[in-house]
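Letters A, B, C and D mark the chains in the order given here, with residues in each chain numbered from 1 onward.
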Amino acid sequence: MSRLFKASVSENKELIKNHYLLTLNPLKKIKKPEPGQFFMLSVDKGLDPLLKRPLSIHRLTGGNLQFLYRVVGSGTNILSEKKTGDILELIGPLGKGFPFKKTQKNIILVAGGLGIAPIFALAETLAKIPPPAPPVLLFQGARTEDEVLCIDKLKSIGIDPIISTDNGTLGEKGNIVSVLKKYLTRHSLPVNRYILYACGPEPMLKSLSSLAIKHKLKGYIALEQHMACGLGTCLGCVVNTIDGYKRVCKEGPVFPIEKIVW
Amino acid sequence: MANKKTADLKVNLGKLKLKNPVMTASGTFGYGDEYSEFIDINKLGAVVVKGLSLKPKEGNPPPRIAETPAGMLNAIGLQNIGIDSFIKKKLPFLRQFKTPVIVNFFGDSIAEYVKTAKKLNAIKGIHALEMNISCPNKQAGWSIFGTDPKVTFKVVSEVRKMTDLTLIVKLSPNVTDIALMARVAEDAGADAVSLINTLTGMAIDIKTKRPKLANITGGLSGPAVKPVAVRMVWECYKSLSIPVIGMGGIISAADAIEFILAGASAVAVGTGNFINPEATVNIIKGIKSFMLSEGIKSIKDLRGSVKC
Amino acid sequence: MANKKTADLKVNLGKLKLKNPVMTASGTFGYGDEYSEFIDINKLGAVVVKGLSLKPKEGNPPPRIAETPAGMLNAIGLQNIGIDSFIKKKLPFLRQFKTPVIVNFFGDSIAEYVKTAKKLNAIKGIHALEMNISCPNKQAGWSIFGTDPKVTFKVVSEVRKMTDLTLIVKLSPNVTDIALMARVAEDAGADAVSLINTLTGMAIDIKTKRPKLANITGGLSGPAVKPVAVRMVWECYKSLSIPVIGMGGIISAADAIEFILAGASAVAVGTGNFINPEATVNIIKGIKSFMLSEGIKSIKDLRGSVKC
Amino acid sequence: MSRLFKASVSENKELIKNHYLLTLNPLKKIKKPEPGQFFMLSVDKGLDPLLKRPLSIHRLTGGNLQFLYRVVGSGTNILSEKKTGDILELIGPLGKGFPFKKTQKNIILVAGGLGIAPIFALAETLAKIPPPAPPVLLFQGARTEDEVLCIDKLKSIGIDPIISTDNGTLGEKGNIVSVLKKYLTRHSLPVNRYILYACGPEPMLKSLSSLAIKHKLKGYIALEQHMACGLGTCLGCVVNTIDGYKRVCKEGPVFPIEKIVW
């Protein structure tokens, strides 16, 4: 089962402006990805864009791979124009996903913006754990109401997220980390019985990690970094940790929250 | 169609014999382990490992890479695990294969180059040395190893004294006269030259107004640089009697053949591994079938055969 | 959002005043006539015409161009109609516009450079001279104008004596130390330097085994070279007190802004005109709206403002 | 009516292996092309391939532009994957077409391989000239029977081509120029009453021009050359003529046959 494979586009649907749900049908049997792992996707036949783009697995549905992505630059722009039947080349699954299997703790999921892409994958996987499954609390933040994605899908797996938006159009007004903070203090949660899994923009993860460290809340965050190989060879994608530089594509993208040096 | 048996891909680099001319470019193939999942390392002409130094190096802070049109900039800063760890942890893996291992190395002074070469020379399972005098991501002043002919001559001749392995000198393209630099390396005792290392480049994020690399500048590689690399290989080929190893933007067999026509005895695939981890073996296959379909018996007949 | 009126795009190059920093790169805009169908030439910062010589030149035999990844090689060989025809047949057209005309020129000897500059200096409707000392497609030996600092100093100082127009020296990127070459030009009296001219490159057709260009090598331009060009502009900006005109792979406003952040006072669009004949005016618009949205009042505040 | 415009793909149909008929619907009013003129077509959003590709106008049908092309390299390969609704950017019509308007002579059309692309455009235009229209004779050559294109379309405009194929699978066996040569000698045509318009691969045009010069047959040929600008500014596309280098994109692509220095 080589991790290099081709897949055909089953669907590439614009959910809201600039946000797409891409469903790919692998042309051969692939390794099953874990939540938090990612794939490198080629977006074009020509040599520009040159590098493959990293996208987190969002969902596995009947042998298909789903990705949730936002158009931010030329690569994702070209990707957004793919039509059913187009063929992409992928490498993956890559990296280390969220370590959740043996956890006995109560789970807090935090998804800022597109961070919902891998967090949903984790939520869905958690929802399938046979009882007694750990309870799951999901904090979801976005800029505006429109950008709160996956609501229906979350409902269908029995999760009712605590939502916050920057402009207050849905849920609480304010940023997700302060909402979580309020929640922690208000309910004075016994943090040692909780574990955190988070993904989102860098500033959010940074302030989340201060909060977690301050409250002695353990957990894991999924990071992003520009990548060339995705396989650990180019050393291009490092982040600074208390143990030195670590590769996001290999030791990550999921790291223990307290390890990262911001 | 010629007989299958007649495509001879073997090439020599000094004493080193390769079963075919396709190697990996230093820094793009790690120490081989990650790619063994995708390709059979036994099929490669040679493995060139990530640049090593006496002591491990942390490398540059991130961001270390930026994509550019048909290319990429990197400023890894020669992060590496150091020679000792390499020998202990990585070389045993590479020794399993019937493929020569070429160790790329560098130092921060002539003395360090010499010490490193001496140490590497004594190790079983290392078949050749490639000395990198051309990294664009080192501190100011370092670049003289690869751009000042006098310093180049000095460092190469000193290293030459320390090793009887095939010694490859990796040249910088950031010079006015590449053939001159190559001749200097040859005169100083190199068994082969390899080129090109990356072109110094820079990219700026206009939103943050910061360089896209923490190191400000970095090295440009990938298809974008291929025309410069092919030209330099051709210039060196014409003025040297030692073999030239060509690299810079090789992704397909056609690219590799272009370098061989320009005079390369062997070629290395760098950024191409990132685009397709099977690139090297696809290229070997492609060269072979090109030779068969063109009735070229030996790769030596192809070398430098561009009709100018 | 800042007030519309506050985006000031005016820049000076020596005595020459431009209404905005966007010019055309020599050899990619002809003498302006072909593009006037697509854009309003009055909107340009300046028009730089195809390189001219005293006598008309035939140029190189075809094929003269080859496409490369995100770039192109050309070996036009400075074909041109000669100064006299230019003045008679082309300049009257350009004189209609409120846009300065910069004449790019070259010679085959110092004497010819001098003679040409003298002649051009006397012509009404020519607002500045750009001396090309950096064409990669001339016969061997010619390249010393742009690569040997002594020769560069000599030819620029001699030309300087002949003209009181703004004198721009167009530098070759095919050198070890671009900042050094730029300082030589400044010391010799240049009012500005422009860079980069093309990188010398080569491409081979593997089927015919011939170079893709009849001239064998050619000059690489287009997006592929942008990172090298940005780096060189930044290096020159830091070590000069005269303005730097940046070019190499500019296709969009973002590209142009990248050069300005690196230190360019003005930019030129070359290969970009071929990709989109409206590129120049789109870039002017794009720079303006970038400044407005970022609240940058004057382009001078943008220049060299990369945060390193 | 700017000659820079966008067009959407109406259809991109594979006629025979590697040969496509592309129908484009310009998104604004464009200048009407003449037979022998060409357009520069962008094939991709990324920066590789970088340059636009020159293609001759093959047909104008109800405001649509048709091109007939063969996949030879990366640009035409990417073009061949365009689907209905994709948007391309074009420049054109460009260059000088076949000068046929005032001719009183009998017309000989010669199309080698893909040379039929512009030659058909000319044939169709000639067919529309109100009587007394000049008689038209079409020689069409190809490698094999499969590669003889446009037969039906030619029939529909009343032209019955004299066909030759390299392997003799259709029409006469042999190359088109020797077939024309035999024809000229067999029928001892009064060459001064004839005029030639031709397009095809370079070796064919070269031997055709020897033949024409030898028989004092006047005429025009459409040439190809690698192009960057298509507008006459880069001087990249020159061919050698008895009057010096001339730009294929500007003075050509159609040149008097006797002017070309081979």
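By our rule, a contact is a pair of C-beta atoms (placed from the backbone, for glycine too) under 8 Å apart; a residue touches a chain by one contact, two chains touch by 3 or more.
Since the structure is predicted, the reported quantities are computational estimates derived from the model, not experimental observations.
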- Note on the structure: Note: chains that touch chain A and chain C both are B, D
- Kindly list the shared contact partners of chain A and chain B, in label order. C, D
- Note on the structure: Of all chains, the one whose CA centroid lies most distant from that of chain C is A
- Task: Would you mind pulling out the distance in Å between where the CA atoms of chain B average out and where those of chain D do?
- Result: 46
- Taking each chain's mean CA coordinate, chain A and chain D are separated, in whole Å, by 53
- Taking each chain's mean CA coordinate, chain C and chain D are separated, in whole Å, by 36
- Item | Centre distance in Å when chain B and chain C are each reduced to the mean of their C-alpha atoms | 34
- Message: Can you list every residue of chain A that touches 2 or more other chains, as numbers and ranges?
- Response: 47-49
- Overlap residues in chain B, where contacts from two or more other chains coincide: 69-71, 222-223
- Overall pattern in which the protein chains touch one another (line/ring/star/complete/other): complete
- Residues of chain B defined as touching chain C within the complex: 68-71, 73, 147, 174-176, 199-204, 206, 208-211, 216-217, 220, 222-228, 230-231, 234, 249, 254, 257-258, 261-262, 290, 305-308
- Item | Residues of chain D touching chain B in the complex | 47-48
- Query: Which bits of chain D are touching chain A when the two form their complex?
  - Reply: 44-49, 74, 77-78, 81, 83, 86
- Task: Give every residue of chain A touching chain B within the complex, in rising order.
- Result: 2-4, 42, 47-52, 89, 91, 225-240, 244-245
- Touching residues on chain B, where the partner in the complex is chain A: 27-30, 34-35, 37-38, 50, 58-59, 61-67, 69-72, 74, 76, 79, 222-223, 251, 271, 273-278
